[in-house]
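Read through the structures below before going on.
Shared between the two complexes below is chain A, which pairs with chain B and chain C, respectively.
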Partner chain A sequence: MTVRRYARQAAALIVAVGTLAACAKGSITKNNDAGGATTTLHYFTFSAAPDHLKDLDKIVQAFEAQNPKIKVTVESAPFADYFTKLQTAFAGGTAPDTFELDYQDFVSYSSSGSLLDLSGPAGKDGSYQSSVYEPTSLSAFQAAGKQYAMPESFSTVVLLYNKKLFDAAGVAYPTADWTWADESAAAAKLTGKGVFGDYQPVSFFEFYKALDQAGGSFFNADKTKATFNSPAGVKAAQWLLSKPGITMPTLAQIGGTPDYDTNLFKTNKLAMWHNGIWQFATLKDKSDWDVVVEPGDTQKASAVFQNAVAASKTTTHPDASWKWLKFLTSSTVMAQTRVDTSWELPPLADAGVLKNYLAQSPPANRQAVFDSLKAQALTPVIAQQQKMQDILDKAFQGASKGTDLQKLLDDTAAKVDALLK
Partner chain B sequence: MRGLRKAGVVAVFLLPSAVPLLLFIIVPMVSSAWISLHEWNLISPMKWVGLRNYADLARDGDSRAALLHTLEYLVGYLPLVYVGGLSIALGLNRVMPGRNLLRGVYFLPVVTSWVVVALVWKWLLNPSSGLVNDLLGRIGVPGPGWWTDPAWAMPSVILASAWKDLGYVMVILLAGLQSIPAEYHEAARIDGAGAWQRFTQITFPLLTPSTYFVVIISLINGFQVFDQVFVMTGGGPAGSSQVLVERIYDQTFRYGQVGSASALSWVLFVVILGVTLVQGRLQRRWVTYA
Partner chain C sequence: MRSPLPRRLGWYLLFGTGAALMLFPFLWSVASSFEPAGSVLDKPRLIPRHPSLDGYRTFLSALPFWRLLANSMGLALCSTVLQLVTSSMAAYAFARLEFPGRRVIFGIYLATMMMPLQVLVVPLFVEMKQFDLVDTYAAVLAPTIASAFGVFLLRQAIVAVPRELDEAAVMDGAGHLRIFATVILPLIRPALATFAVFAFMASWNSFLWPLVIIRSPEFMTLPLGLSNLHGQYTTEWNVVMAGTVLSVLPIILLYLAAQKYVVQSTALTGLK
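Coming up: the complex of A and B.
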């Protein structure tokens, strides 16, 4: 009798565990179209979280109103965790139908054959016109002649500056003609009395751009060898390392505090800040600040980041996914929402949609965002991207005043070369 | 019939631990051995490479550095946690007011989540606004950069780890202390032995079985150190505190090299097994069973 009761309880437990496992799987991507005519699409994003989830929701609602038979379920993760989650979902066979990719990861996902070729559903869609997209952005997300993702947004990095602090120190505002020398002279004058003159992290992302500004290149032409250990590379590393502890807080001072730089700038304790236009929304209530194109050295070069949206090869709804991706990247509602909320901008061919963006303030000089597109520092991309970025970040973290930068860059270039084989 | 029924009962009792064990330990272990023979980035299909991942490990400087950092951790952590735990156990083995309360307090960190403890220590050791550097500043000692300084990152992790595990070591050693018969001490005292002699001649030798247990468990856990490193330093700065399991995590989830990460997991498994077996042999020479 008792045995039977135990057996029954054990059986119930097994069923419960089984159900749990099934739920865990289903919640990420399984679509319940059994029964109903409604299709549920999953969309996974990093750029909407946390500031723009409401704005994304607006786009989703407009899409669902137009396509009553498709429902879009949004899931988001912060950028730092996003790609870990995405690849785990792929490995577990629970990839979302549609998701966001930055350019670096687009390269690895498209080359691993995980993305749906959108040329198929696009070809069947009579209303699709590729000409609405900015042509270079569209072709950036092609591989082997196939469109594997749709360009969704772009953002650039500019120099943000605090007018009040410049006035107080009697320093003239930065202009588009500024060079590193101007920036460093101003930073020295602005630093003091609890104010930092400058803020630019010493990292891979700042280094490849500074290298370009100094006239150097990261790889040789056929990408078989790292060439950033050139004199231009040493100059770029010197430039970045000349700031912490002098015109910029050190890592120990920052002490891992989240949004340390944002708060310094917001509270008028930071005069110049190298950061992206995604900060505009964060700073919308602050006055007395503006932006210019980043100072260069021998030439101008600005970082430009592109995001795209793609569908997984395993989605059971390729046509619905296409409809959503098209809407998400080309609809008027989307363009309007992005412009009105100072979100990252849509790379559309018709610049008319961006008029309202320029009309808004702060910052007044939004033209700098578009000027920075004229000389772009392209992110060096290789198959083992994250590893390469970590190698450079680690090298810079270990560097200090006495470090022999030529040797440091030679060693680092050798490590990167090993990844190219 | 009766035997069958008995086996049924046994099976029902075993099931709650056997099912998770199979699902979350045995299956992943076997799979990881299989994966270690492949090249796999989680998103593409697996590609067979035989033993190449193992051969590459031998030449991989970062993995060697991670092994060295793990050993560095063990060398700093083990003596600290053992001596600290032993001192507290000896102190709390005497009859004194508030003894049970103190025992509870020392044990509290053991049952606290590692993430919470690591975050608290990260805050305490914050180079610019932490309590420790603030106190050091007051007595005129400039505090180090702790987890932001490559030279101090591993000591920071060791300090937090030893603090958390003190209570665990204390409980094991306390149990060991209480199993030493009082007559031994009494006899020694009559023979004129002092406190230090009693400790070195009676307490410590009779505590060796507990010491052996503590060393084995701490070594096994120490080789697998991860949570505190991940939360406090993320293996940095400049990779100065990257330990083996953190390296395995990076290889899997940052670099998409699951094959070589699985190979490293198996190497770690063999290392831990080897160290434990050697300990088992050596204990015959130094562990005294009363």
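Coming up: the complex of A and C.
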């Protein structure tokens, strides 16, 4: 009997203590304003977790040292859950002052009118120079002539190549001037004896980029109609489908094997590889490889994945928010910290601040990473993004070199048009 | 009478295969948690080629594991105790008290079970904001204090207790509280235990509500901590698996202790 009484008392105690502790606010939400002179800014991020929270702390500390009257509290959530939290916070009226957005979500948040136009506070800031940012990155985060977010970090897709295989086949290394024709010719010579010349997935993400390289556009100007079934679109689809089973493995061979392409490239069985700069870390122990900006057709265009930082329209501290966003995206401390910790790079116009990054090798030609920023193929974004991507991916999965591509693209465009209504 | 050997072997084989299929994902996560960084996605392997504790080391240094564990444990215990109290009392009222509209109210109770949490998140969040409870333990607990499922489960159990026992207690001068505490509660102990296991597991695994309402890192629960291990582009699976294994351990211990009731509950409710 006594045991049970103890158990009951313990339970009562837990509940009592729990209830007492339960209503206390956490470090992020309790009122930190000491005496009113200090402004507390709330910053919500996904890119710092899991590996760079301490690095972000360093940037925050440097900012607070420079701006003693502003305190920044950081809240972090993983990318997969970040937007659930952000949306609830907006709906519940507790939007963070400043927060991070990837490009696709930037489009939806800016078009729903949730973001502060930063041109206002930036105009009052005498020390602000827009020229420190890569112009194409800065303009990617403008809508209707207003600067709704500041570009914070990026990854691009480049052409990785295996020098040894080029030497063995007697083919000259790719250059920044290469076009699709050069790539095709080289791929044909490099393929054989268990080596594949080229590797580029056939997917939505590759298609909109190839379309841009061929001079086409995905939508018409006011985004009411899909226009990728143009001659440029057919050319882009032809380009992508000219590879599988010829200069690259068939889609069936690739199948669902994870890291199939990575392993091919690592084991010197792949000469050219269209992939992102995040592969640099994977390949750091491999020698004899380098990168160039992806070849274009009528023009250059590279796929760029960018994160930006924005302020909510409802923030009560627009000027402090601007100061923080500016520091977070352009300060030397930030650039240095990012390079030192192999965090994603900031899209700054003057790569000089990033010279430690450029000095690293492999790959030797890291300048190509910044050059690829100069002509960006922006992801086409609509409200039903996932459905659109699935429609295109599915269309390409069923296609091969012999498919009537005009008809395929006409049908696909009609399906995408239906999503726009 | 025992069935002949070949047939028995057949059954063993069938059930053994079924059990192995069920067990595989879990064994795989245990095995993956001992893989060194970077080699998890090669191929599913039940015995790591180069066993290493990297995953566990990274996990323990990346997250304040003990704090997360204490948060999860504290919230799960509080939530369970509170639910047992509220649900058993409500169940008693529905099972034993005659009051107008009893059936309708009970029906409405049950109807709330149809409402998925996703629909309620924003209204609940706004409500918590009105009470100034966003980012507190109280806000995590509040929506779990009353459980329609618990009321339903315990009401079924109380209805099964013969009314004659109550009546005998009434003859002895007992009021509702005394009948509830000394007659009914001891008799529905199996149902209480069953519900306790359910409530504990629900709180232990809950993700969406804590994700939305908790903002400060020191209030994070284990599932929130685990999700923080996923990056925007890549995930270190050995670390995630190490964390998963560590966070499943308490539930396994609870299960071993309350195995009898869990099996019973599954049989009683057809849920798991």
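FYI, the second predicted complex is superposed on the first by the 230 of 421 C-alpha atoms of A that agree within 3 Å, B and C clash if a C-alpha of one lies under 4 Å from a C-alpha of the other, contacts with A are read in each partner's own complex, and residues count from 1 in each chain.
FYI, contacts are C-beta pairs under 8 Å (C-beta built on N, C-alpha and C of every residue); 3 or more make two chains touch, one makes a residue touch a chain.
This one's a predicted model, so the numbers in the text were calculated from it and none came from an experiment.
Engineer: Just chain B (first), just chain C (second), both, or neither: which does A:F46 touch?
Structural biologist: Once the two structures are laid over each other on A, A:F46 reaches chain C alone.
Engineer: Kindly classify A:D55 by the partners it touches after superposition: chain B alone (first), chain C alone (second), both, or neither?
Structural biologist: neither
Engineer: After the superposition on A, what does A:W278 contact: first (chain B), second (chain C), both or neither?
Structural biologist: After superposition on chain A, A:W278 lies in contact with chain C alone.
Engineer: Just to be sure I read the superposition right, which of the two partners does A:P258 touch: chain B = first, chain C = second, or both, or neither?
Structural biologist: The answer is second: A:P258 touches chain C but not chain B.
Engineer: Now for A:E75: first (chain B), second (chain C), both, or neither, which partner does it touch?
Structural biologist: A:E75 sits against chain C, while chain B stays out of touch.
Engineer: Between chain B (first) and chain C (second), which does A:D411 come into contact with in this model arrangement: first, second, both, or neither?
Structural biologist: In the superposition, A:D411 touches no partner, neither chain B nor chain C.
Engineer: Just chain B (first), just chain C (second), both, or neither: which does A:T84 touch?
Structural biologist: Both partners, chain B and chain C.
Engineer: Which holds for A:D182: it touches chain B only (first), chain C only (second), both, or neither?
Structural biologist: The answer is neither, since A:D182 touches no partner chain.
Engineer: With both complexes overlaid on chain A, does A:Q384 touch chain B (first), chain C (second), both or neither?
Structural biologist: In the superposition, A:Q384 contacts chain B only.
Engineer: Touching chain B in one complex and chain C in the other: list those residues of chain A.
Structural biologist: Looking at chain A, the two contact sets intersect at 14, 84, 88, 91.
Engineer: Touching residues of chain B toward chain A in the complex: what are they?
Structural biologist: 5, 8-9, 12-13, 15-16, 19, 41-44, 122, 126-130, 145, 147-150, 236-240, 250, 253-256, 258
Engineer: Can you list the chain A residues touching chain B in their complex?
Structural biologist: 3, 6-7, 9-10, 13-14, 17, 84, 87-88, 90-91, 108-109, 112-114, 250-256, 384, 386-387, 390, 394-395, 397-398
Engineer: Mind listing the chain A positions that touch chain C in their complex?
Structural biologist: 11, 14-15, 18-19, 21-29, 46-47, 49-51, 75-81, 84-85, 88, 91-94, 102, 155, 258-259, 278, 307
Engineer: Which part of chain C faces chain A closely enough to touch in the complex?
Structural biologist: Going through chain C, the ones touching chain A are 41-42, 62, 74, 77-78, 81-82, 121-122, 125-126, 129, 133-138, 141, 208, 211-212, 214-219, 227-234, 236.
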